[in-house]
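After this come two complexes, each holding chain A, first together with chain B and then together with chain C.
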Partner chain A sequence: MDIGSNVTPAPKMKSPTLLRKSHRKIIISYIILTFLSLPLFFMYLWLFLSSISSEMVAGIIPKQITFENWRFLWENVEVGSRQLPSIWLATWNTLLLAGGLTIIEVIISVMAGYALSRMEFPGRTFFLRSVILLHAFPSVALLIAVFYVLDTLGLIDTLWGVMLVKAALQIPMSTYIIKGFFDDVPWDVEWSALIDGCNRIKAWYQVVIPLVKPGIAAISIFSFLAGWSEFLLLYTFIFDDQNITLATYLQKIIGDFQMVDYGLLTAAGLFYMLPVIFFFIFTQKSLMQMNMGGNKRV
Partner chain B sequence: MKKWVLPYLMLTPFLLLVLLFFVTPVVITTIMAFTNMDYSMEWNFIGLQNFEKIVSDPNFSQIVFNTFIYVGFTLLINVFFALLLALLSSYYIPFEQSGLFFRALWMLPRITPPVVYVLLWLWIFDASEYGLLNTLTSFFFSNDPIAWLIDHPMTAIILVNGMVGASFGMIIFSSAIQSIPRDLFKAAQVDGASEWSVFKDIILPSIKWPIMFVTVWQLLSLLTSYEYILLLTDGGPVFESEVWPLYSYHKAFKNLEFGYGSALSLILVIIAILLTGVLLKLFKFNRMIQSSRIE
Partner chain C sequence: MNIRFEQVSKQFSNHMAISDLNFTIQDGEFVCLLGPSGCGKTTTLMMLAGLYQPTKGNIYFGDQVINHLEPKDRNIGMVFQSYALYPHMTVRDNIAFPLKQQKVPKKIRYGRAEKTARLVRLENYLDRKPSQLSGGQQQRVALARALVKEPNLLLLDEPMSNLDARLKIEMRDELRQLQKQLKITTIMVTHDQEEAMAMADRIAILDRGEIQQFDTPEQLFAYPKNVFVARFLGNPPMNFLDAEIIHELDGMIVHGEGYHFYLQKQLHIPNKTKITLGIRPHDLQVVSERRGIFSAVVTNIEHLGREKLLSATMGEQPIRFFVSNDQKIKYGDRIYLSPNLEAIHIFSKETGENLLWSREVSYEQVEGKTGLI
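After this line comes the complex of A and B, so read on.
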């Protein structure tokens, strides 16, 4: 990269001016960035304020604090003439879905990632290439056929069905990520365990796995959040109120957007977001890294 | 021979899921596209009729037009706005902590569950004077409340999706910018290089590939994603914000015309496969596949 050739000749400037100029640049950048981020800031501020107030002035200033909006925690909410199931049922189902998805995804991708990283077998290059291809493949376009597959398997309208489909959509990416972690484990470590008399499985389980714990933590958080936030698959494949989840619960309250009860909606939305906020604050670093891997929102 | 058994055993669950939910669906979509399957779930082959129906569909031109507008403008936001955010937060603001703060803030739309994120926008676009946009317009211009989602549905879906996608590019561009040695900027500053030439000669060359990558990647996912549109406007009013993949979804799951919906999807799948091919060619993915370290 040749910089010298293209730049304008240096103006004669003393360093204090230079300093002041760069200060001004930083301040302007702060102003622009803050201005751009204002809508975001207000959106999330509103989410919180609206959930604890009964009436708002100018859309965002609370007039009166109330906990009436949080009534869904202790009673079943009615929307129109229809009574929604308990929020705790929805929470339990969401937890089941996210937890189950995490377990399935971690087990499958750790096994596949290790095989792809450390073992030589026919078709290995082909598999690796397809992992990347599958990661890029727009799986939502296949939803109709997936519906048919689930229907044939008798898994329509079950959380299991959604869990398996979601796992299938996610494993190419988590396999690829965990493979990278396995690649970083020095072969010597595993070799010495083998020499000490471990067999391959034991060496993998006792020596290699503990070394990729950060990777496992990262894909666990990622898949838990993905399961927790899932909407489209639940909306498409689940009909029974017994299988309601927080996403579909909220969607049912939004319903007809002409007559929205924002107080109730924001309270329920905030309740739904609690684990996301928790992970966001405490595991920001891994979240940022995960998104580098090209997480696409289906 | 025995050496193969273990790796294949470890790959079996992975392969099973991929077979069930990727390979089989591709095959089924392809076959179903040539049937007129409806709620009775019967395979009646009708040749190319579905594809003739697509071309003569009265909504065809509007949906193609919407798809182009939606994908094009959202992509612009996803790339240029992301670039602006990355430049501001990782080059113009030299303090690690505050740059990180802004980037974290912009990650929020991405990690917020779609239903909650759309709820936030429902408030912004609310048709009564309660909504944020109407509050602002009545305060500054004393306008009457506007039903934004009915009058400007395309603008709405582009903004909503653009803001989610911006964080993806932002993160990738930021890390590319951060990997440029700081000394280069110092040297340029001492030489009195203009802002423009710093951008053109130092920053741009190092983010050229990330920009290409983000563009193709986002193009691929925008072409086939419709979750936020489904939640925000559901393609309405009438077909004003309906895009191709959402139309296929509606045909299949609302009108229960599975055959016709599959035909619509199949075209998307083919475009997606072509684009994936471009992605592979452009970025020489073979380099990403190193050989295994073990014999």
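After this line comes the complex of A and C, so read on.
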């Protein structure tokens, strides 16, 4: 057997020297990674199995398959004495929140990121630094203050209010990320557009924006996922069942009663999670393109 | 439309890239900016394009100051040193982009883009993206994009640096013809003196942000204003020898290490001034020992086809010259050389200024002729 054809190394090969060093490295990393991800895998497996069974043996083996736990899909479930609103209303609201958040966040951070990357104005460096600081700021600390602000503006108990607050908290980070993408666009290309007859704004959307598309994709995905999984702000600022979202729906399943229906909870949890998983599988390429090289022009 | 620089300076934070530039470019002229890396060629173009604002001074198009005119309103075409193609567009869209900005209808603009693409031999690549092209092809896309709108002013920053030798010569002719035909005032930056000599009506030699000389190729070659210009132009470069001037009754003696010769010219400089003697390789001739002025030992022989380029040393100083193919000279031979006294240059050792050249100028002025300056 010649070494050159030995693309996939057989572990049972007689001479261990034939096993190339790099191959051995790959095998070892796979073993370690598999080992580390096993608990995560079992978590998801358990979630799935318990959502379709009434009882489980040894915590993991389903005794009887049932779709009773998924009943929330076709009826309004009751938890204790309270009837929860329809899950479809919650889904719609969550979509609305995540979508609206994405639009607001992307528009603002793309413009801010461009300005921070390309323009000279007093306080630019200060802005850039505070953007990072703002990102690190714990939003819980702001809850009370924000409550007053929203109340004054009449935005309390509306999805709009939450959307704005969430956007404000998220924009610093996405601005910083997209700024890194703008930094990577060569000046010459933008200048070229100016010479070819564009004004600055035309050059921006005809030439620069198409070049940072991967960055826009990345921050869109991020903000959508952040909106989808938001809980704290919704829990604090929203009371009306008409404005329920999936996160607060789950919370209502757990929180209102002493006896938690775990079957229902896992099924609803899975329902909440599925779009995110699919979303991630389809968009991970864009996410991986992200470089955090936003510090090129500080 | 004339272009005029008036006392133009450009300063980057703490670095003076261009200082007190003064020159005028005539309508329809082809000018080359030639100079070593970092001398401010690109900066000059950028100011013409409106991408940099001069720190000081004025730039005129005609008699209008255009310091603050936006790039888009200048009707210029530019090829950037880095090509600066739009990566997300096909070659066709790249070339048509300037026309799109002028709101030329789609059909017409693609038609014109294709025509320009043919000019730069890119008609088979119209549907590719820039990343699928070679460096030379990308450069030609940039050239086509600059030409397509038939600008008033064409700025080219090393537009042919990446083309192979044959294509380069073809493109030179093509570009030159087109420029003359459309009468586009063109300013081209290049490192390549041959390219500059071949294409330009006039060449501006820049060094450290200052124009050293701005003249026609023939004049630059025959009357370099200083050592820098003399050294920069000509391939192989001019030979430089240290010497001293000793005045004689009706002329002077050029006295150097191991040689001296009489020159029937008078210079208004003090006796025993240190000078640098400049002789182009083509102006040296191998002669008999009796008539020879320089004596040297051959150290290298290069065959160039039609003739041979020889390197030799006179003591420490290297000297290069051409001989015809039938001269039998071997490595290590001692040979004797005589310069063409009409074609030698004498530069001040101190300032590098051409001492004969300034004499010629005053001579011309006395005679009342024009054209030398």
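Following the convention adopted for this analysis, the second predicted complex is superposed on the first by the 240 of 298 C-alpha atoms of A that agree within 3 Å, B and C clash if a C-alpha of one lies under 4 Å from a C-alpha of the other, contacts with A are read in each partner's own complex, and residues count from 1 in each chain.
Just so it is clear, a residue touches a chain if its C-beta (ideal position, glycine included) is under 8 Å from a C-beta of that chain, and two chains touch if they have at least 3 such contacts.
Bear in mind the structure is a predicted one, so any value in this text is a computation, not a measurement.
*Asks:* Contacts for A:N93 in the overlay, against chain B (first) and chain C (second): which applies, first, second, both or neither?
*Replies:* Neither partner.
*Asks:* Touching A:P138 in the superposition: chain B (first), chain C (second), both, neither?
*Replies:* The first partner, chain B, only.
*Asks:* Give one of first, second, both or neither to describe whether A:N199 is in contact with chain B, with chain C, with both, or with none.
*Replies:* After superposition on chain A, A:N199 lies in contact with chain C alone.
*Asks:* Which partner does A:D188 contact after superposing on A: first (chain B), second (chain C), both, neither?
*Replies:* A:D188 contacts chain C only, not chain B.
*Asks:* In the overlay, answer first, second, both or neither for which of chain B and chain C A:T245 touches.
*Replies:* It touches nothing on chain B or chain C.
*Asks:* Report for A:P210: first if it touches chain B alone, second if chain C alone, otherwise both or neither.
*Replies:* Second partner only.
*Asks:* Return the chain, chain B or chain C, that is in touch with more residues of chain A.
*Replies:* Touched residues of chain A are more numerous for B.
*Asks:* With the two structures laid over each other on chain A, which partner does A:S51 touch: chain B (first), chain C (second), both, or neither?
*Replies:* Once the two structures are laid over each other on A, A:S51 reaches no partner at all.
*Asks:* First (chain B), second (chain C), both or neither: which does A:V276 touch?
*Replies:* First partner only.
*Asks:* Which of the residues in chain B end up touching chain A in this complex?
*Replies:* 3-4, 6-8, 10-11, 13-14, 17-18, 20-22, 24-29, 32, 41, 84-85, 88-89, 92-94, 98, 102-116, 118-124, 126-127, 129-132, 134-135, 139, 149, 163-164, 167-168, 171-172, 175, 184, 187-194, 197, 200-202, 205, 217, 220-221, 223-227, 230-231, 245, 248-249, 252-253, 258, 261-262, 265, 268-269, 272-273, 276, 279-280, 285-286, 288-290, 292-295
*Asks:* Which stretch or stretches of chain A touch chain B in the complex?
*Replies:* 1-4, 6-11, 13, 18, 22, 25-26, 29-30, 32-33, 36-37, 39-44, 46-47, 50, 56, 58-60, 107-109, 111-112, 114-122, 124-125, 127-130, 132-134, 136-149, 151, 164-165, 167-169, 171-172, 175, 183, 187, 200, 225, 228-229, 231-232, 235-236, 246-247, 250-251, 254, 257-258, 260, 262, 265-266, 269, 272-273, 276, 279-280, 284, 287-288, 291-292, 294-298
*Asks:* Considering the complex alone, what residue numbers of chain C touch chain A?
*Replies:* Listed in rising order, the residues are 49-51, 70-72, 74, 76-78, 80-88, 97-98, 101-102, 145, 149.
*Asks:* Going by the contact rule set out above, which residues of chain A touch chain C in the complex?
*Replies:* Per the stated touch rule, the residues are 186, 188-189, 191-199, 202, 207, 210-211, 213.
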